[in-house]
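Below, chain A partners chain B and then partners chain C, in two separate complexes.
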Partner chain A sequence: MLKSVTSSQIFSLFNLYIFTTVIAFLAGALISGSNYSTPVATLIGSFLALLMMYPSYRVGMSRPDQFLSDYGREIVGSTLHTIFIILIVIANFALAAVNLRNLSDFLLMEYLVGTPSWSVILLFCICVAYAVRSGLPTIFRVAQGIFIITAIVFFVIPFLSAAEIEQDMLIALITHLNFKHLGVGTYITTAVFGELAFIYLVFPYLHAPGKLYKTFFTTTISSLFLIFTHLIPILLAFGPDLAANLTYPDMELIRFIRNGSFFETLDPILIILWLTSLFVKIAFTIFIIVSCLSQLTKTKDHKPFTLSVTAFAAVLSLTIARSQPELNEYIMVGALPILLITEFIIPWIYWIVGAFRSPKRASNNQPNKT
Partner chain B sequence: MTIWSRLYRGIHSIHKASKSSASSSNEQPPVGSRSNHVSYNPSLKVRLDWIKAQFNDCFDVIYRQFVLTTGHSCAVIYIKGMINQDTIQEFIIKSLLNETAGLTHDNVYELLFEDNSLSVSQNQIITDLDKGLSAILDAGALLLIDGDIRMLTFAISAYPTRSISEAPNESVIRGPREAFIEDLDTNITFLRRRIKNKDLKIESMIIGQKSQTKIVLAYVNGICKPELIQEVKKRLSYIEVDGVLGTSYLEEVIEDNPYSPFPQLQYTERPDVACASMLEGRITIFADGTPTSLIAPVTLPILMQAAEDYYQRYTAATWIRWIRYFFLFVSLLLPSLYIAITTFHPEMIPSQLLITLAASREVVPFPAFLEAVMMELAFEALREASVRIPKSIGQSVSIIGALIIGTAAVQAGIVSAAMVIIVSLTGIASFIIPHYDLGLTIRLLRFPIMFFASLFGLYGVACGVILIYIHLINLKSFGLPYLSPITPFVKDEMKDTFVRAPWWSMLRRPLHLTRNDTRQKNNSRRWSQQTGEQE
Partner chain C sequence: MFWIGITFILIIGFDWWKQNKSQKKVKLRNKMIPMMFSLVFFILSLILFAFKDKMTIAMLVKMLSISIKTWLFGKN
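Let's turn to the complex of A and B:
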């Protein structure tokens, strides 16, 4: 199964990975922090993430046939490497728990009122555990299969709400640019786009690792495009103040759509789209945890960890916060910093130390001429 | 008698027997054969007694004994009804009597076993009685002659077979109509008539310790991947059952995932479908006595293709294919979506329709899920009954079930009219799926999704679909991903997946099935580029 994940599969998975999260759950937080500067902040954040991901790509490319969890100790020493891997596991646990919680909160608040949250998470985690147990290529293939339909629907939906958009406000995206506001949006989007970097932990699965950075670039461009097709209409339809106070502004935008007499509202369709995209995202995150743990404990197979890790993430998602504001606080203060550390700083350390040690090792390996 | 004299006599008799057998035939006695001790006895009586003992209580085995003019006793053994008795009489017994008239004692053996001058051409010389038994059981005749351990077998089977008819389950409007029958030789002839090429290879093997069923693998050498042929042979070689009475016996043993509800081999009763599959690099498996052949490997898009697709115009075929895919989802999801939307998401339904639906459900005492399950089960029962009962009353049962019971159930307020429409539409949709086994699978999977829909609404439906989707992604048929070429995505194969491209544009064979991908060396319509008649 190694060497079986193609560039197009990476493109599909990471597109779903990024635009779903930003559009579905982070639009309110982004607009709250950046107002009319949100699109520009997203643009800067995404390219900053792309730039900062380069070391993770270089680290992966240094030994594309090996897992970082295996050879990392040769670069930074056993103790530091173990600490880094544990940090990555914690960051991914936090990420999986936040996404699971977002999903269950959304469903329980809008559609499944009165349903126990554990049952909603249990059903979803059964799907996730099945995918993770099947392996990373399966997760990528799931993403490839659903990408086209999801992307088309995500692209079309804003156009259906075109009648509600105040096009005169479009100029505000340029005239109301504010450097102070750019910071928050950039901070959030850098962390979200930076999640692509975690692929450096599973490099041996990639069919063409050399093309990975190019894929990162195309993924960034295409997901930015889809994010803009939603973020800009949200801003133009609701204005920054109202949009910032909506929990799910994109869903409210879709509720604006009045498509004749066939469908009264399309927003339950959104559940399916968000669900499938979130599913691949959480499955990938859980796989990263499982893969790191299996390599850390030198277990040959990742499968024994699958159920326990998924169950732990499920329990964490139920207990991580008591309310939506507490969850937002947790994301901003707890999850994002640890994500930034694990996505960017740890690969930077591996890269720099590796670069210093390589010439030294090369010189040590050279025969003594004297 | 002392012990020493007994020992001497024993050794002497063994030595004598080995000497006589060596002189009568140059062939080495087969090691471990059950009939070893009798096969090398030239006495007709001994061998005939042994055969009679083997066929004890088999009244249909005929032993025809006769004496030639040279004084040799002979016997022909066959099973009544499996061969033409006139052939035995005319071309074996009579011919033998005529040919041997006036010959010396030893010349008879020369005539029979060296000159091979009997009128029946399909004969074979054997010395092993076990092989003789197999020949008799395989609708042949066995000729034994006193004084020689050699025997002749004649392949003169003439048992009754069904006449060739139209394919009852894969009917077409424009394509060829003949279907495979139970007779293996006829089925192979169908293939040979369509692919007149030396590369069409037909390999056979026997499976079934009691049934001794002949299994045939057919493939086109140079197109079919050698590793696929080896894999199929390997899996078949592991089968150790007592009987193979149909290809489905093989299917369950050789498929990749025995617990999957999805069919992992295609079956067909149409020779043209089998030939088209072989020309795409797939392998066809036949079993004697079964009118359906198995084709490996298979993918979900292949199961959604019908033979008719390739006989209609490509535009119509593409349209029908879209309809088929749409109704695949209708068949799987429509009742679940109805339950989910009416129970959890009524805001999706326009108010006018919602009022109509609410009015029709007002008198129904059951929740939508129970109502759907009742109707689906009733529909399944009707369908099963219409298959099992005699055709003459099948139509009446369908009419009574569908119209009278359906109408009565709505009028009695047991089910709503909307649910009857949903279940009927779902039932019709399941018949649109070309592969019957796939249709069955979809019908089965509908129930767990309905259950999820009743608990979690559209979220439950989505989770159910995700679980099936992951299963399909993991599923393989002889190593080929079940969802290929959709995922893993192969762009060039889209020409014959969701659409049916015109023949002249399909220059290559499916790359995920074969390595020899050239179907047409050049575009067959290049004449139009020369004459400018394309427009």
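Let's turn to the complex of A and C:
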């Protein structure tokens, strides 16, 4: 199964991975922090993430046939490497739990009112565990299967709301740029786009690892485009003050469409797309955890870890916060900093230490000239 | 708490049975390590669930961030 994940599969999965989260759950937080500067902040954040994830690509490319969890101890030493892998595992647990919680809160608030949250999470996690047990190529294949239809629907929906948009407000995206506001949006977007970097932990699965950075670039451009097609209409239809106070602004935008009774029933389609995209995202996150644990403990088989890791992620999602505002605060104060550390700082350390050590190793390997 | 226990017992039992049924002979070490991880996750799940109304991870992280800010910049 190694060497079977193609560039188009990576492109599909990471597109779903990024634009669903930003459009579905982070639009309110982004607009709340950045107001009219949100699109520019997203643009800056995404390219900053692309730039900062270069070391992770270089680290992966240094030994494309081996897992970092295996050879990382040769670079930074056993203790530091174990700490780094544990931090990566914690960050991915936080990511999986936050996404699961967002998903269950959304379903319970909008469609399954009165249903116990554990039942929603249990059913979803059974599917996730099955996908993770099947392996990484299965998760990427699922992403490839649903990407085209998801992208088309995400692209079309904002155009249906064109009549509700205040086009005169478009100029405010330039005239109301504010450096202080740019900071919050850039902080969130850098962490979200930086999640692409986690692929350096599963390099041996990639069919053409040399093309990965090019795929990162095209993924960033395409997901930015799709995010803009939703963020800008949300800003222009509701304005920053109202949009920042909506829990799911994109959902409200669709409900805002008044072209006919047919469109009033359009939001379930969006739910289906969000669910499938989040399924792929959570499955990938949990695969990273089980892969790290199996490589770290040298058992080499991820399957025996899958069920217990998924069950723990489910319990974590149920208990991580008592309410939605507490969860939002946790994302800003807890989840995003640990994501920034694991996505950027840890690969930078591996890259810099690896660069210092490789000339030394090369000179040690040279035969003595006597 | 009862259902968390049942879930983890089922998980540990299933993994053990699946590894025994496997065509390849699995070393005892490779069976014990995932089981130990399952037990650790089980204990952590119980702790999280027991304290879910009094102390959540979100609250802990908030307290930690306030402590770090106070340590770095003082009480003001």
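The working rule: the second predicted complex is superposed on the first by the 364 of 370 C-alpha atoms of A that agree within 3 Å, B and C clash if a C-alpha of one lies under 4 Å from a C-alpha of the other, contacts with A are read in each partner's own complex, and residues count from 1 in each chain.
One rule holds in what follows: contacts are C-beta pairs under 8 Å (C-beta built on N, C-alpha and C of every residue); 3 or more make two chains touch, one makes a residue touch a chain.
No experiment lies behind these values; they were computed from the predicted model shown.
Visitor: Under the stated touch criterion, which partner chain does A:291 make contact with: chain B (first), chain C (second), both, or neither?
Guide: A:291 contacts neither chain B nor chain C.
Visitor: Between chain B (first) and chain C (second), which does A:333 come into contact with in this model arrangement: first, second, both, or neither?
Guide: Second partner only.
Visitor: Applying the touch criterion given at the start, work out whether A:92 contacts chain B, chain C, both or neither, answering first, second, both or neither.
Guide: Neither partner.
Visitor: Which chain, chain B or chain C, is in touch with more residues of chain A?
Guide: After superposition, B is the partner touching more of chain A.
Visitor: Does the superposition put A:309 against chain B (first), chain C (second), both, or neither?
Guide: A:309: touches chain C, not chain B.
Visitor: According to the stated criteria, A:62 is in contact with first (chain B), second (chain C), both, or neither; which is it?
Guide: A:62: touches no partner chain.
Visitor: Show which residues of chain A lie in contact with chain B when the two form their complex.
Guide: Residues in contact with chain B: 6, 8-9, 107, 111-112, 115, 119-120, 123-124, 126-127, 130-131, 134, 138, 141-142, 144-146, 261-266, 268-269, 271-272, 275-276, 279.
Visitor: Using the touch definition up top, name the residues of chain C that touch chain A in the complex.
Guide: Within the complex, chain C touches chain A at residues 4, 7-8, 11-12, 14-15, 18-19, 29-31, 33-34, 37-38, 41-42, 44-45, 48-49, 51-53, 56-59, 61-62, 65.
Visitor: Under the definition above, what is the set of chain A residues touching chain C in their complex?
Guide: Where chain A meets chain C, its residues are 293, 297, 299-301, 303-305, 307-309, 311-312, 315-316, 318-322, 326-327, 329-330, 333-334.
Visitor: Under the stated contact criterion, what part of chain B meets chain A in this complex?
Guide: Contacts found on chain B: 341, 344-345, 347-352, 452, 455-463, 466-467, 469-471, 473-474, 481, 483, 486-489.
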